[in-house]
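Each of the next two complexes has chain A plus one other chain: chain B in the first, chain C in the second.
Moving on to the complex of A and B:
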């Protein structure tokens, strides 16, 4: 029992501990202004959590992330599904969606700043713009993958519009949409931090910025470390969602 | 969860480029016209006059392209992106090949590569600016950071999926490890490398723009920031259009290279 567990998880923990050890040694041998060891980072993080600062900023970030992301889903999914059915509209919109999908959305932040100012809404817009196009792009991709014969068969069996959606359109496009959702989670996180950096400073972005402006290297490391953990957690969540829906896609 | 699941997820490779369907021209033209016209009218009706609209942006294009400041900025950003991508490509390919073919390397680095890949790259900017100063080096470092991990993940995935027969033949002919790695594994994982490169190119562009915003160093991103701050939105928007064009160019380049040099990979696309 113990042996198999060790064999399975041994390399993982070994690599994690080795990484922490390297970090610790590098941090202790470098100047404190450039790099702090792992222990100091954790201690600083603990202080931030105890003071309530971290929780407050985390909740503020989470609110921004969830609002923007939910909006992106609420717009991207129905629109993508609609395009799955309306072929002409899809053909017409496809190149534009592809262009917007490939556009670095960060470049729009200065415009949003000067038109909408520093409130909550412009930041939500940034997260939304980062997240919506992967959902839309992949849903349309899924719509393209539906074989026309499927719809023809459904039609020749006099399937109702509702049944066509339920049995053909949605099951076929959903796995693709979920790929988009996974990409959107990652992008929305980038958008969230970008909005917090370049628009009004709040949340985890503010945590980093304040630390960096005060030359509080330990604070920078602590907040970057936490955001990296959040990134990993969200990516796993995204993969789990995608796999759940993609089980029969192959 | 294994690296390969993440890699597979990070490989949006089976994607024929949108286009070339017969009869697609008119719908596209009409939709494009509707988008541009409604943008124009909405901005004219509701927004202050400095806000970019299609007509003023179009008129700004010749002016902006003739502007030496814009040319320097574009050149500076593109050079940085090309350098960063080049460095990331070399290191990413080597590390990826090693991770794909050596279990020890894979176990040692897997979690770090995945972790750095999942990290929103913007957060490293304060750290990098601490290490490299408010300089062009920080921009290069950010671009490399943004691009490296998607290349590693995809190359490692490709290296892992090399058909075993190839390796057995190489072994039978007593090929050295190096020549197996670069003569067989690398060419066999080319489609994965390209998929990784496509992802990396997009991320590198974002990294460059964000670094310029953050560090206020000259480049296309800073040009956009500066002009939009001084309420020259149309000029700034030309910069955005150019960025979008670069993004699309990278996508098309990868699709073209795949089609031209790896036509067999395309066949799989169709069946998918």
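Moving on to the complex of A and C:
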């Protein structure tokens, strides 16, 4: 029992501890100005948490992330299914979707700044733009891949258009949408930090900027470390959601 | 109409042979001068036949002769260009109540369990929850899927999936069943089992049935009449009455008349094939 558990999880935890050890040694032998050891990073993080500063900035970031991400989901999913069913609309909008999906969103930030200024809304727009396209794109592709036989079965049993969406289109497409959601989580996180860097400085982005300007390398490391952990956590969550909705696929 | 069926079925199958009943009274399906084309391509023309209330009509023909298209027209899934289709007194222009189809590739929704798939037709028909809760287990049991209520399609063999497809169609208690090569996608052994299962179920609950197949044996075993489609565009070449004793069982396969009828249908189809080859060579 213990042996199998060790064999299964041993390499993972060994790798984690080795990484921390290397970080610690490298940090101790490098200049404090550009690298700090793991222990110092955690100590600084603890101080930030105790001061309440960290929690405040974390919540500010979370608000931005969730607002932008929810909007991306609320727009991307229905629009994607609509585009899959309505050919004219799809053909008309496809070039713009392709262009926007391919454009590095960071390049649009100066434009958004000059259009909308420094408030909350432009930052939400940045997060939205980072996140919406994977959701939209995967939903369209998913909804289009539905077998015509499924639609035929629905018609044969005299389904209404509304019931066709509820019983066939939406459940079939959800796993594809969730693949988009998983990709969108990572992109929304990038969008969040980019918005906090380049528009009005708030949240975890501000924490990094301020620490950097004060040559507080430990503070920079602590913030980045937390963002990385959140990223991993969200990716895992995305994968779990995707699997949940795809459990009927082999 | 469903009540009439479920009440009358047991008496009739025990008292009289279904094929005798088939030839009495008004036909359930009347196809009159039916024609269909896709643009310049004419699929079939002048198709005329009836199906009795308790009759199985099998349709055979070479691949691409439009037999599946014909079935889809009868279901109202595809529009037809000439002629008319009447089911009872209703002129078919779109799928109508009382007609259910069993699909070649089962057509199950992979995200729904067996129970949910069987319930689908009833839900679309607007059946009350209590009725669905009562009927779903009944039809799952009828097709021999008891114990698999919570299974998803991918967890089942092809034969079991088609049992589920059959239960979904039967659950709406249709008076017309349309079968689109329902056993073509399962292995030979399973196919034979399902053919006799279908016969057993039909004898319990007889309906008008149109059974499209490319298997001559299957057509002769199940059909009271076999319609042979031929040509391009195709039309009815011959209608062969299958005067085998009822009820059809495994013994039917060993009946001398079975072999004769099989040869007859085979001969009709092969003559067509030879003529077609001859035309090609010229």
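The rule we apply is simple: the second predicted complex is superposed on the first by the 242 of 250 C-alpha atoms of A that agree within 3 Å, B and C clash if a C-alpha of one lies under 4 Å from a C-alpha of the other, contacts with A are read in each partner's own complex, and residues count from 1 in each chain.
We adopt the following convention: contacts are C-beta pairs under 8 Å (C-beta built on N, C-alpha and C of every residue); 3 or more make two chains touch, one makes a residue touch a chain.
What you are looking at is a predicted structure, and each value in this text was computed from that prediction instead of being measured.
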- Task: Look at A:126 in the shared chain and tell me whether it touches chain B only, chain C only, both, or neither; answer first, second, both or neither.
- Result: neither
- Compare chain B and chain C by how many residues of chain A each one touches, and report the one with more. B
- Query: When the two structures are overlaid on chain A, which partner does A:136 contact: first (chain B), second (chain C), both, or neither?
  - Reply: neither
- Query: Of the partners chain B and chain C, which touch A:169 in the superposed model: first, second, both, neither?
  - Reply: neither
- Item | Touched partner set for A:195, first chain B, second chain C, both or neither | neither
- Message: Looking at A:156 after the superposition, I want to know if it touches chain B, chain C, both of them or none. Which is it: first, second, both, neither?
- Response: second
- Message: Per the contact definition in the header, classify A:102: touching chain B only (first), chain C only (second), both, or neither.
- Response: first
- Task: Kindly classify A:92 by the partners it touches after superposition: chain B alone (first), chain C alone (second), both, or neither?
- Result: first
- Task: Could you list which residues of chain A make contact with chain B in one structure and with chain C in the other?
- Result: none
- Sites on chain A touched by chain C in the complex: 149-150, 152-159, 163, 167-168, 171-172, 248-250
- Item | Residue ranges of chain B in contact with chain A within the complex | 1, 5-6, 9, 12, 15, 18-19, 21, 23-24, 27-28, 30-32, 35, 47, 51-52, 107-112, 114-127, 129-131, 202, 205-206, 209-210, 213-214, 221, 224-225, 228-229, 231, 233, 236-237, 239-240, 243-244, 247-248, 250-251, 272
- Seen from chain A, its contact residues with chain B in the complex are 11-12, 14-16, 18-19, 33-34, 88-89, 91-96, 98-100, 102-104, 106-111, 113-115, 141, 145, 179, 182-183, 186, 189-190, 192-194, 197-198, 208-209, 211-212, 217, 220-221, 223-224, 227-228, 231-232, 234-236, 239, 242-243
- Query: Touching chain A in the complex: which residues of chain C?
  - Reply: 75, 77, 95-97, 100-101, 103, 105, 107, 109-112, 120-121, 123-125, 152-154, 172
